[in-house]
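Look for chain A in each of the two complexes below; its partner is chain B in the first and chain C in the second.
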Partner chain A sequence: MTINRPIRWLGGALAALLALLAVASSASAHGPDPLLTTQRWNQNQDVRYAWRSGAVPPSAYQGAVNAAASDVNASRGSQAATFGYSAGASSLIGYGVGATCGTLGLACAAPNAPTSFTVWMREQGHVFDWGSLRWCQAYSSWPDGCYDVENIILDELGHVEMLNHHANLSGEPDYLDAVVQTKSRTKPSAGYSTHRFGRCDVATLQVQYDMQSWGAKYSTCLSLATTLAIAASPTAVAKGGTTTLTATLKVADVASYSRLALNPVALRTVTLQRRPSGTSSWTTVGTMPRGSTSGTYTMALSLTARTDFRAVFAAPSDEGLVGSTSPPVTVSVGQ
Partner chain B sequence: MHAERSAPVTLVLVLVGILLGGCTAASMSSEPAILSLSPSPSPVQTDAPARPSASPSASADPAPGAPSSVALPTGSPQPEPTLVPPPDATLAVEGGDPVVGEQGTWSWNNAASDAPWLPGYPIHVGANERLTFNMSDRVPIDTWQASRVPPTAVPGGDGVIGMAEGTGSSITFEAPPAGSWSVAVTVRFGDNLGDAVYYWAMTVE
Partner chain C sequence: MLESRWVRWVGPGVIAFGALGSLAAVTQGAGPRSWTPPPCPDPGGPGGIAAAPAPAGLADLNLEAWFRMDPVIDNAGTLRGQRVSLGLDGARSIRTQLLPVESFAAGPFGGIVLVGSDDGARSSLQAIDVAQGCAWSLASEADVIRRATIDPSGQSVYETRVDRATRADLGVWARPLDGSPVRRVLDPIDPDDRFGQTFSTEFGWDPSGQALAVQSCGEAACRTRFVAPNAVATFGALAEPDLGTMIGLKDGRLVGYLACPGFPCPIITTDLTTRARLTLADQAGIGVLVSTQDGPRLVHETFTPAGFALRSVAIDGSGATELGPIADGLRLHATPERAEAATRLPSGWALLAADGRIAPDGPADRGQLRHVPDGASVQLDEVIR
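Moving on to the complex of A and B:
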């Protein structure tokens, strides 16, 4: 036991440090998108929009707007609101000279969750100081310098969800990590026709609206600490008796994780390790099969000597979870 | 489907565009064929309110999943107040007059407006001079970033070169190398107030 104390202390300190780093990460330049507003839609709220009376987008643009709504629904990676067209809806999308976007805005959004929103897009040919606005969908062959309606409206619907502009790294090498950006791009610049949320858009949507399932992948724009615990039942067996080890993997309980805190983490790879009690070297037993409840992993073993066990969750490369190791549990063996 | 727009209508649109001279010569000369713009009145800017569209083409090609009877506008446009943007910002060299920046993309007061990389308002500076950025109002700034592109990259925004970044409301950075640049300063306001990008067409001598 005296050997375990410093290990436990170190483990606790490490977990706290990882949590702090994760919080710092979310506030630094390259992290999840910041928030435009603290007003959220309900989870999976089906938000309907209609065309603004007297400012109906041309038919070629209507299809692109509706495609952008579908892009939101397909790429939100969370329980964020979904969007779709319905006649008479209270949320309005308008097009034309009545746009309220200020002097130089191509498009703009004003969410009023969970009730309604407004989105505007400028009219084709609007004269700015840099030239005339050209929407790609106005042409049979998209010219260089045009703006893709679907991409721009996806950006606006990101605002409607509550996303603010992504904080890019200096020089913007991470521009493609978000659609909700501070500079709209034209054909053929990279990202001008992206039709799905970027990983840092999705990260904020996940934090604010939660995951679609416990087995779903967390955005790689996140860096969430996890906690892993292991329990044995029974903790004492006769020689040759069997104990069942159950590991429980969760997202750490950190305030900035909002709806993700304490989420069960299911369908991952959790490894069981063992060592004879009183020794220091761990041996891998194998991958623990999934348990009966979400985020649990179990394995039954027959023992002949007092043994320590621990569970290990290695940080996956394809999602934003930090690996963790459980404190050990000891199973004693009688004669 | 959209290429079926009648030639006379297209011709009128092109003529209106030429007469008003709103487009640059380059953009007009290389303008690809425009598809149906109905119910937009024309591809030119006007101060007149948007006309209600009575064009049947608006409902002849309804949005996927939308009833064909709903795309037609009814009545007059519903005027809305323009969204209120964040305060202006200035850039100045030591001893020089501050020059207001051209405001691009911003978020403020629970709304957002999106713009491309803008050319910016003219400012002349010397090489290696220190530039000082100030908000015209006392809006707190959490983080800021200065970057630039050559004028040829406006409004596309390709080839962004980072210049400086920092935290807090005291913002100074060094002028870029000699030449012409569109310089952007992106600021994130404190207290979750939003963000904004300000641009200057900078001539560095």
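Moving on to the complex of A and C:
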């Protein structure tokens, strides 16, 4: 027990350091989207909207708006609010002049979670200093230079969720990592008709609204430290006796991780390693099967000598989790 | 020479929009019949009327001018024109002009509302004396006049222009109302990828008239340059991509939003000398500057679980005060360029209106006044009878 303490402290310090690095990256360019507001919807809240009386979007655009709502629901990757049309709903989407928009922008959003929201979109032909706004959906054949209503409203619904504009790298090589962007793109620029949240949009939604399941993948725009613990039961066996090793994988307990902190991490690959007590080289035993509790992995072994065990979670390439290794646990073997 | 300048008919600036009568407009309010103002007989021009002081008290609101712009949209959702409604706060009659797609209204400057319109070949600018129901034609330019303002002393009109073919910025031009030659007072703004193409250029005056803010905004963020009209010189600029639209300029401080995609949004002041920033509100909705006996205050909406409420704070950050909830259906009336509607109020008062804009039938329609020093409310139609 006393041997494990400094190792645990070191592990905690390392997790904290990794967490700080993750937070630092989110504060500068190419991290998860920043927050527009701290007011959240309830998890999986079904938010309904209607068309604003006197400013109803034309039918050509209503379909695109509803499609954008479906895009949110399909790509949120989290328990963020879902959206759908219902006549008479208190949240309103309007078309034309809106006092909340100001003089700039193609559309604007004003969330007031968890109660309601408003979204306004400019009218086709609205004249800006640079020229006239063209919505792609106004044309049977979309002309170059048009803005896709579905993409723009997806951006606005991202704001409604609580997302602010993604901070891009210089030159915007990471533009496709987020739909919620400061500068919208027109046909045929890359990303102008993206119809799902980008990984850095999803990252913030996951932090704020949590995962849909413990086995779901964390956005690669995140870099979340994990903690891995291992326990043996029993910790002393007779020669040839069997012990069951249980590893528990969690997201680290870091305040900035918000709802993701301490999440069980299930359905991943956790490897068991062993060494004879008193030696330094580890040998891989194998992949630990899934345990009965989310985020646990178990393996039973029979032992003939005192042995140290540890669990290893290697950082996956397809999600935003940092690998971790458990402190060792020692199983004694009697005569 | 000067006299003839002011008696030109305003016809070129107003396009006959008979065809618009058949359009199914998304907008509300008066019908599409267009009013054509007769020329104003006063050879002295609109400067004197534009320099009229703000109403001293609520009893003076009857004769204050108001305007509201609305898009005229066809069944397919395409903008076909603009409609500007004009009236006096205490009068029932409303005058309506139908204008081309590229049009704007600004003011009121005293009793004057500036209306700009572009017919695709020329841009026209007229100064409408709302009380007298007449207009002076101020300009007819080959370039596109995007926005215009009158300085508080009523001496000059300032215009932003873009090139008709390329839409390139052509800078800011001053048009003295005494007939002196028009001159450019601010160069075109340089391209900057951080801000992208310019969506809008707006004016904001320090109430003293000693400084004019010219704000050029991209899709989300804004750059602001400052002109000293008397010196006809720029004296500074703010070009930080986290800054959004301005709310007002006062005593060397620019009050405005950060670059947000909507609301809620922080409101800050930036000291134009030191560039120091001060946050006045973390999560604000619509905000306006209101003069009070104790100095200018920011009045802004706050978001609460029960709906919108009002808060005020001095622009030095002191004396934050809650002004109570906003009734359902009402919002704080935004700045003129944001609301595309405006009227003038006595010192110490803020206007609440349906959807944050003067109603199509005028300010008295559901309009409510909130007294900033003590939060007292008054129905507008009760004070203008």
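Following the convention adopted for this analysis, the second predicted complex is superposed on the first by the 318 of 335 C-alpha atoms of A that agree within 3 Å, B and C clash if a C-alpha of one lies under 4 Å from a C-alpha of the other, contacts with A are read in each partner's own complex, and residues count from 1 in each chain.
Everything that follows uses one rule, which is that a residue touches a chain if its C-beta (ideal position, glycine included) is under 8 Å from a C-beta of that chain, and two chains touch if they have at least 3 such contacts.
Just so you know, these numbers come straight off a predicted model, no measurement behind them.
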*Clash or fit: chain B and chain C on chain A?*
clash
*In the overlay, work out which of chain B or chain C sits against more residues of chain A.*
B
*asked:* Looking at A:159 after the superposition, I want to know if it touches chain B, chain C, both of them or none. Which is it: first, second, both, neither?
replied: both
*Mind working out whether A:63 is in touch with chain B, chain C, both or neither, as first, second, both or neither?*
first
_Touched partner set for A:115, first chain B, second chain C, both or neither_ = second
*Counting only touches as set out at the top, which of chain B and chain C does A:96 meet: first, second, both, neither?*
both
_Looking at A:50 after the superposition, I want to know if it touches chain B, chain C, both of them or none. Which is it: first, second, both, neither?_
first
*Name the contact category of A:255: first (chain B only), second (chain C only), both, or neither.*
neither
*asked:* Which segment, 38-46, 56-64 or 164-172, is the chain B region that clashes with chain C in the superposed model?
replied: 38-46
*Contact residues of chain A, present in both the chain B and the chain C interface*: 36-39, 54-56, 58, 60, 95-98, 100-106, 108-112, 123-132, 138, 155-156, 159, 164-165, 182-184
*Enumerate the contact residues on chain A facing chain B in the complex.*
29, 34-39, 50-56, 58-60, 62-63, 65-66, 84-88, 95-98, 100-112, 118, 123-132, 134, 137-143, 145, 147, 152, 155-156, 159, 164-165, 167-172, 181-186, 189-190
_List of chain C residues in touch with chain A within their complex_ = 26-28, 69-71, 73, 75-80, 101-102, 146, 160, 162, 167, 169, 196-202, 216-222, 245, 259-264, 283, 285-286, 303, 305, 307, 331, 333-334, 337-340, 355-357
*Where on chain B does chain A make contact in their complex?*
2-3, 17, 22-24, 27, 30-53, 57-58, 60-67, 69-83, 85, 102-107, 110-119, 143, 145, 147, 154-158, 160-163, 165, 184, 186, 188, 192, 194-195, 197
*Please name which positions on chain A make contact with chain C in the complex.*
36-39, 54-58, 60-61, 95-106, 108-112, 115, 123-132, 138, 155-156, 159, 164-165, 180, 182-184
